[in-house]
Every structure is written in structure tokens, then in C-alpha cells.
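Got a structure here, written out as C-alpha cells. Questions coming.
Order as written gives the chain letters A, B, C and D; numbering starts at 1 within each chain.
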Amino acid sequence: MIRDERIPSEELQRIDEQIRSNWSTGEAVDFEDAIEYHESLPERKRFADVLESADSPLLQPRAGVPQLDDQVELLEYLHSEGKADLLPTTIDSYTRDNEYGKAQEGLEKARETGEDTLNGFPAVNHGVEGCRELIDAIDAPIEVRHGTPDARLLAAITFAGGFQSFEGGPISYNIPYTKRHGLEETIEKWQFVDRLAGAYTERGVRINREPFGPLTGTLVPPSIAIAIMLVEGKLAATQGVRSVTLGYGQVGNIVQDVAALNALKKLGNEYLPDEVVVTTVFHEWMGGFPPDEARANGVISLGGMTASIAQPDKVITKSPQEFQGVPTKEANSAGLRTTRQVIDMAIEQQIDIDGIEEEQDLIERETRCLMDTIFDHGDGDVVQGTIKAFDSGALDVPFAPSDSAAGAVLPARDDDGRVRIFEWADLEMDDDIKEIHKARLTQRADTEGRDQSFRMVADDVDAISDGKLIGRPQGGV
Amino acid sequence: MSQTVVLGVIGSDAHVVGITILEQAFNAAGFDVINLGVQTSQEEFAEAALEHDAEAVLVSSLYGHAEQDCQGFHETLEATGVDATTYIGGNLAVGQDDFEETRATFEELGFDRVFDSETDTEEAVAALRQDLQLRTPETERPTISS
Amino acid sequence: MIRDERIPSEELQRIDEQIRSNWSTGEAVDFEDAIEYHESLPERKRFADVLESADSPLLQPRAGVPQLDDQVELLEYLHSEGKADLLPTTIDSYTRDNEYGKAQEGLEKARETGEDTLNGFPAVNHGVEGCRELIDAIDAPIEVRHGTPDARLLAAITFAGGFQSFEGGPISYNIPYTKRHGLEETIEKWQFVDRLAGAYTERGVRINREPFGPLTGTLVPPSIAIAIMLVEGKLAATQGVRSVTLGYGQVGNIVQDVAALNALKKLGNEYLPDEVVVTTVFHEWMGGFPPDEARANGVISLGGMTASIAQPDKVITKSPQEFQGVPTKEANSAGLRTTRQVIDMAIEQQIDIDGIEEEQDLIERETRCLMDTIFDHGDGDVVQGTIKAFDSGALDVPFAPSDSAAGAVLPARDDDGRVRIFEWADLEMDDDIKEIHKARLTQRADTEGRDQSFRMVADDVDAISDGKLIGRPQGGV
Amino acid sequence: MSQTVVLGVIGSDAHVVGITILEQAFNAAGFDVINLGVQTSQEEFAEAALEHDAEAVLVSSLYGHAEQDCQGFHETLEATGVDATTYIGGNLAVGQDDFEETRATFEELGFDRVFDSETDTEEAVAALRQDLQLRTPETERPTISS
């Protein structure tokens, strides 16, 4: 039975060898050589150090194209023109599915035709050498961003390739990203990823790990996201990770977002072991964007504004072309610069908004309920607890496509635009908290003169792309 | 008199929110909806359509690989013995493409209608009603427009 | 000696006839016919009614091109694509200088070449008929926006042409806009404009008047702007105006901007007679913009954010091309939609920021000092008081190009980014208030480890276009 | 050894902030600055340059009418007997123009240098120093860069 325990080093080696044989490029991975390579990197390319020592939020976009040269060019552009502090390398979908053969086809087709036949950078196919070329070429830290349930080979190759930060986790890259992978399976696979990061860490190369906070990106109640971040942070810590960046996706209500980021930071430090350096990342709105770049800029700016108040350690920016498709490098840079301007104009201002403590307190209480139920479900073991709590529905994520989550909990905004829970299903929560949510949602229903229903949820899902925060009924009923 | 539609997200795409909304809209409009969820293969679409004798198969794709994922889709349906109205919708191209080109591509692949991601659900419902030659039942109107 | 007294109707007629003879199109003005025309306009084209009955901030861009057809097209575009609630017609610079002959040349050249040889719409040259064609064509209220020290003929023609709102005033369209016009002269000329608006008002056609709040657009301390708004509002009221929209230009510090808008509304209602309906307009940042559309969108969004909290009756939007030159219609619409998205997402949220009351209180006290000195200078007469207070420097505007203002007062931002006064010159102010400013600026100087100097002012002038709010020293000193 | 520059905003343009900053920068750099302010006519520029025996005449324009306002400017200077280095800067075209075209237009009108509105004041100071063949006096450097 899988538990929250550190993988013994022989086991680590056994798995490592096994997974490296999954694709030809696995062979080139050599741990000692990798350590040496990392040690050769200048300070400004060390992800954890750069992130942890920053004194205002660092900005990072999302970006990945199939070919190495193009990826170098793209990241250079985002660095120089977009003034990104931290860079990404987003991995293609075939690699996420461990379909390295298909990724290879795509890559070759890309090389022949010059077209972007993959939606990201197939790092496994580029191999250790390819990754290092990228790391060498770019004068800033780079993170691997993907969405891969089984990211073991990707981790082995990219860590050896010089990347010092790796997004994802067993829940956050399972529940929102895949239908059929069991939680037990993804936890086991991510224990390896974390253990490998821990092995580097032990040797002084602190690989930063970043659980994916936004989950389904769509009206996720803060406490659910935070609980999952705490679980993934704990799992990583167990395997020896010492630099953890907990994530949270903007819901659009400033008070709730600031409160959530505060709670994330506080609970992160509380639930994770002392030897872990906890940082936070704020994702600009991850749900449906307006089909209009001008309005998208407004959404992005509201994110910047929120970041300037909450001051997370990092902000993942969106581009004004989010609605349409993968952004051009110009649009991607524009999203960075718009965010930067808002943050830089607002960050020196003292902006203390009423009600943040109260909302934070609510979020903390909710999160503790969820953490308690997880521990209870697992008799103190967080791995078993997570699996069982998802199984019973005591832990759940709205709009989860995965068979591993009930996906039965439904969120809706209250009259102030804060995300509350409309349908609890089996989610574990103290009754008095449920009453608070109910009262808030009743208030909204009264304002709108309609019943709470799935229609309200659907309206809220569309609201921001339609230009509002709250999905009020349009015209008459 | 209620008609069955099969709905799902094709390929290894996991964007579920759109079909969740579509399911609710087609349900509210009086259709029987078989929602296959995300990451549905061509074969799963074909089998479900056959099994439920579906009038329509609605394919969703958001992540940019729709074209690859739909190669041979209509051949698969045909081979399984399915003859249904087929729609595809969502975000069908990688990057910043022109939608008219995209529409042509998917019509050529055999889809009866192609919808972009600005599509209002009512639009899709109205189109399907028309294609299946249904009239809006009086009693349902308020549910839909409310 | 000119005083704050209503122009008698015979005098009104005499001036009216005289100024109408200044240019051929003046002849076509017929008051009775004009009243009839206004009465024929549908409710949705009545500026004052639309503005005063709105329940959230209405958006209005700036826009003017020489030819009538082009202006119709431009405004239709801003209405349909930009979703502007209120529309503008910005007048060209020759008309502002009363150079109708040069404007005519420019207009004819525009008609021949198709180029925009004027920087606005020469309404006097288009005449009453031309104006009415515009009013007829556009399905929304339209305001005349200009910057004309002597706007009498422009008012006569545009009022008769169906416009129901007219920007400007004797101080706000003098001090920032011209070097040599005396205040006594512009006050006299604007008394006529207001009196004419009052004549329409008496007949049931409420012409909305909007003093230009931003003044020089550059770090204007709120109390100076507000005092001038109150003076112009009072002067308009004396002449019979009953719909007054007091303006204020964003300084970029949210607390100070919200406080200023609150103070403007409160003092407007207090200082202006009860029979006047007072509304407020917030101008998005009027100083130097970043030379980058993406960053400009951030500046615009911060304005939208502020507007969503302060909820003025109207917002004048900027475009992302502000730095570069007169914006394309697409960019102008983009500025509107970005603003709209931010306001609509934020306006339903309850955002109560600490310190607004305190800042508002300070602004009110400062404004009262200035108003008191104006009344004192004029022995109770606000016209004489204004002239003499500007003369003595007791009233002043920073960066004023006009010979009528000392332009000796210098602003600088404090450590929180609020605009304070660094050089008072002869500006009248209670000592305890001066002490507050001084303490705040000393705090900033300490933070930066440098002395207060003009260099600090210059850095603040450039700060927003350089991407920050406060002009901190760059690198080492 | 200090040199005189005449500075002003031409035509009926009232944008004063730029020249206020420029005045301060040229002052700090050791020039004698005669600031004529806004809305200055060609004749006023010429007369001031003559009167103060100016080495340079710096024209600013922001409001988009620079081209019209500067027609015959150099003829006016010449007629008055002024032979100075002339610069123009600011926002020189109406609308969203290409700056290289704008530069050409104003060089043709006779200006020695043309600056866009992104110009850093130090740049203009350095250029004038070069054109007047002055060297940066040691003692002033910290003032300028601080």
C-alpha cells in the first residue's frame, strides 16, 4: 500500500533506470554529470535562489514551441521584450501522454515544414543535450511546465538537462488533466519525480517544485485549491524537496484572491516542514477569457492589481490572445508588460482593503476542515487520506474531468463575486461554514430574483468572457 | 419524441467545462444527452452512437489538436454503421488562425457543422433542431431563455 | 469691473449678435429654431438626462476629425465597437484659436486630399446644419470638447446645432491651454457661454457644462483642481446652468484618487446652489503615457479600477496609443473596452480601502483654504477673487503655461505615490497642512536618500511613462 | 565659456511640460537657457536668438501641427540674421506616423537634428555638446546623472 514515505535510494535507482529505458534519449542521463552541469550554472540561472530572494513579484509567462532554435528565440524574446523574470518551457501534449513516438513524428514534421505541429516543446525528444543548449542560451531561470500524469522520464531528462524548476503534482496534474489515471498511480509516479528532485537537492542543487494551483481553472473555491497545494507540498517535502512554490489561480474577486494568497502562504508555512522554503505563485485568471484582446487586457490588469496587493513571489501572466489560441510572442510579451505596469504602479501604494482578514479566516477554516478529513481518511497518512477522501467525495474539485474525482461539487459566485459552494455533494465541511456559503448565495439569488440552479453556475462560467464578474441574468427572465 | 445526442471531447484533450455547459443546454432543450466526457477516442464515439441510436454526434476540441484527432472520424462512424448528424466545435486550430479556413478543413473531414469557441449554446441547439427538423416545444422555451 | 453676476438678457443678445457676425456660419443660428430642434431629439440623445440617470459610470472617449462624414463614421464606430455611452466631438486647434479662416483652409484641404489636415472637427465651419447632421446620425448624446479660451461662437453654433454638453471654462481652458489670454478676458467670454447655456436651460433644454478638471494633466494636487472646479461650477450656475459635471484627472494613487472624487462630489454639492445637478467625471491619467501599448493598457486599467471604486458618473478613457499621437478608431475603442472590462469586473465588489476618509478630509481642508482665499481676495465675489488670487499666486496651477498663473507651485509624490506640494510659492494654505505635506515628502526623500529638488519633480513627471508611479532614482546616485 | 540656447514651443501649441524638463536639463548641463515658453512665433524665436546671440535654437512641438508651424522657419531665422544650430523635438506628426518619414520632413525644412518624444534629455544635451564641440565639464557630470 502506497504511503507518504520517502522512496529508498535503491528503489529510486531501480525506477530511474527502468524509466530511462522508455525512450532512446533516456540513456544520456547521468546524475553526476548533471550535478556538475548544474553547479556550472551562474547564480542568475538558479531558479530557487532567484525566486526566493526576489523582493517583488517575479513575472513568468507560458510558452513552448517544438523546435529548439525556435524555443530559444521565443524565450529570448519574452526575456528581452516581455521583460519576463522567469521563463517557462511548456511541453507538448504527446509528451504529456508519454507518446514519445508521436512527439518525435511531430518534431520531425516541424523540422521539415517549419510549422508548429506540436503544441509545446518535446523535451524528452530533445534529450539532455537539447535541454542544456536551451539552458545555456537563455540568461534566466527556466521552469518545465506541462500537465503530465506520469512525468518521470520528463523529469529525469529535464533535471539532467539543467532545468531547476518543475511544475505539477500527482493531484494537480491528474484531476484537471486526464480522465483515466488513478490517483494512486499518479501519486506513485510523482513520488519518484519529487524523490529525484530531492536527490539533486541533497547534492546542493535545489530543484524548485511547483504544484499546479489553478486546477480546472474554473471557479475553484480557494480552500479546495489550497488543501491540494498543501498535500502536494507535503508529498514533495517527504521526498526531499526543499523549495516549494504553492499555486493559486485568480478567481477575480480582489478581497477573496488576496485572502486566499495570504492563507496559502500562512498554511503552507504551517503544514510544510520547516526545512522547506515555501513561496507562492499567483496565476492570472485561468478560466474562459473574453474573445477580445482589449477586454482581455482588462482581465489581465485586474490580475496585476491583485498581485500588487497580495504580493505573491511569482505571477504567471496571461496574454490578450488567451481566448483565441496559443499566443504570438508579441501578445505574450504584451501580457507581461501590461501586468508589469499595473504592478509597478500599484505596488508602492498602501492598499488595505476591509474584509480581507475575515475572508482569510474563512478560507483557513475551510482548508483545515479539508486537511482534517484527509488525515482522518488516511489514519494520519496523507497519501492514503488523499486517495480515500477523493474516493468518498470528501475531497473534490469542481469540473474535474477525471474519474478519480467525483466532480460533483459546484461553485457559484455570491453577490460580491466571491466563489462559494452551491452544491456540496459529499465535500467535507463544518455545518456552520456551509451555512455561511448558503446565506451568501441566497443573498445573490434574492438580488437576481431567481432560484439557485445550474443555470447560475453556467452563467458564472461565462461571465468574465462576457465582460462581467458575476453571471447575472440578462434582460428579463 | 426526444432525440439522443452523443457528446464528448476527442483525443487526449481534457477541457471539460465546455461540454459540461453543452450537456446542460441540450438537456434543457429536451434532448437525451450521452456525455462521454473528455479524452474520448473515435471508437468510443462510434460505439456510443451505435448503442444509443444517436441522431447526432457532437465533438468538442479545445486544445489545438482537433485536426489530427479527427482524421478518419467519419470513416470510423461509417464502419461502425453510424449515420448521424455530426458537429464539431471549440477551439479547433493551434495558434491565431482564420476561422473560415478552419471551418473548411473540418467540413472537408465530413462534419455537418463547425462551430467556433464564441458559439452560444442556444445557437448550437437551434442548429441541431433545424437539422433534425424539430420545432421548439412551447413548454421548454422559458427554461432555455431564462 | 467684471463680477460674478448674471449677464442681463439684452446684453446676452447684443453679444450673441456680435459674435455671430465673426464668421459666415454664425448667421444661421436661430434660438427658437434651436429650441425646437432640441425638443425634437429623443431622450437617449439628451446629454444631461442620460448622464444624471445612469446607475454606473458612463464611458466617453475623445475623438474628432475634420470632415463630417468621417466624424459620423468615427463616432458610430466608437459607439458600436467601443461601446461608448457618451460621445465626444473634439474641436481642431485653429478653431480653438478662433482662426476660422485657417480652419476653413484645413477643412478644404482635407476634403481635397482625404488627409486629416486638422487635429479636430471644425464645428464653426461645419455650421449649424453640419452639426445637426452629426447629431441626427449618432444614436447617443454628444459633447463638444475643445480647449478654447474664447468659445462663444463655438458655443452659439454647437448649441444651435444640437449638442447638449460643452466642456471647458474660463480657468480650465485658459491656464493649461494658452499663454496670453488674461483671466478677466476668459471669464467674461465664458460668462457668455454659460449664460447661453442658461438661456437654453430656462427653456427646458438643459445644456450640460463640464469644467475641465485635469488642468495641465501633470501631477496636479487634487485640492487645486477641485477649487477650480468649484469656481467654474459656481460661475456657470450664476449664469443659469443647471447641469454641471465637475472633472478630476487621475493621479494614479488609488486612495488619493478615490478620496479626491469623493471630495469633489461632496464639495460640489456644498458649494454649488441646490438647483444645480452636480455630477462628476474622472479622466484616466492625463500625463505622459508609456511609449508602449501594452504598458499603456496597464495605465488605463488602473484608471478603470479606480473608477470602479469611486464610481464617478462618467469616465473619460484614454487609448493605448496616447503616447504616440491621435489614436486610430480601433485603439480608441480598445481603450474603452479595456476600461469597461475592468469596471464591470470590479464594480460589484465591495472594495473599502483604509485611509480614504483621512485623505479626503485633508483634500477638503485644503480646498476650503483655497476657496476661502478666493472669497477673501474678491471680498466675497468669486470672479474678482479668482483673478486676484491667481495674480497674487495664492491660487496657482503647477506647470501652467499661462502668463495668468504664476506656475510656481511644484508637486512631487510622497512615498506612497500621493501627489503633495513640494514648492508652495505663494499658494495659500494653512501651516499645519503644509507641515503634513512636508513630512510626507521628507519621508520619501529619506527613503531615497536624496534631497528634495526639481530633479525629483522631473523624475515624477516621467515615472508613469517609464513604468512606475514614483520617480525613484535609478541605479546609483 | 557658457553657451546660450533659445528654447520654446512653436505655433499655438501649449504643451509646456516637455520644455520645462528640457530647460532644467540644459541648465544643469551648464547652458544659459532662454525659455520662451509655449505658443511662440517664428519671429519671437528669431528675435530672441539674435538678442542673446544664441548658439542653438531648440523648438518643441507636441500637438501635431509642427509641420505647418515650421514652414519658413529657417528663412525667418536667416532674415533676422541668426545662424544657429537648430533642433526640433516632441510629437511631430498627427496620428500614428512612421518617425523616419517625419525626421526626413523636418531635416528638409532645415533642422540640424530631429528628436522624437521618446528622447531622453541627456541625449539632446550630448548631441548639442557634440554639435557645438563642447566637452563635458568634469564637475557637472554627477549633477546630470543623478
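Assume a residue touches a chain if its C-beta (ideal position, glycine included) is under 8 Å from a C-beta of that chain, and two chains touch if they have at least 3 such contacts.
All values derive from a computational prediction rather than experimental measurement.
The chain with its C-alpha centre at the largest distance from the centre of subunit A is D.
For the pair subunit A and subunit D, the distance between C-alpha centroids works out to 53 Å.
Per-chain CA centroids place subunit C at a distance of 30 Å from subunit D.
Subunit B and subunit D have Cα centroids separated by 66 Å.
Touching two or more other chains at once is no residue of subunit C. Shared interface positions of subunit B, i.e. residues touching 2 or more other chains, are not present. Because contacts link the chains only in sequence, without closing, their graph is best described as a line.
Chain pairs that touch one another, listed by label: A-B, A-C, C-D.
Against subunit D, in their complex, subunit C makes its touches with residues 93, 96-97, 116, 119, 176-180, 216, 218, 287-288, 291, 321, 323-328, 399-401, 450, 454-455, 458, 461-462, 473, 477.
Taken together, the subunit A residues at the contact with subunit C in this complex read 252-255, 290, 292-302, 304-305, 333-342, 344-346, 348-355, 415-417, 464, 467-470. For subunit B in complex with subunit A, the touching residues are 9, 12, 14-17, 20-21, 24-25, 37-39, 63-65, 91, 93-97, 117-118, 146.
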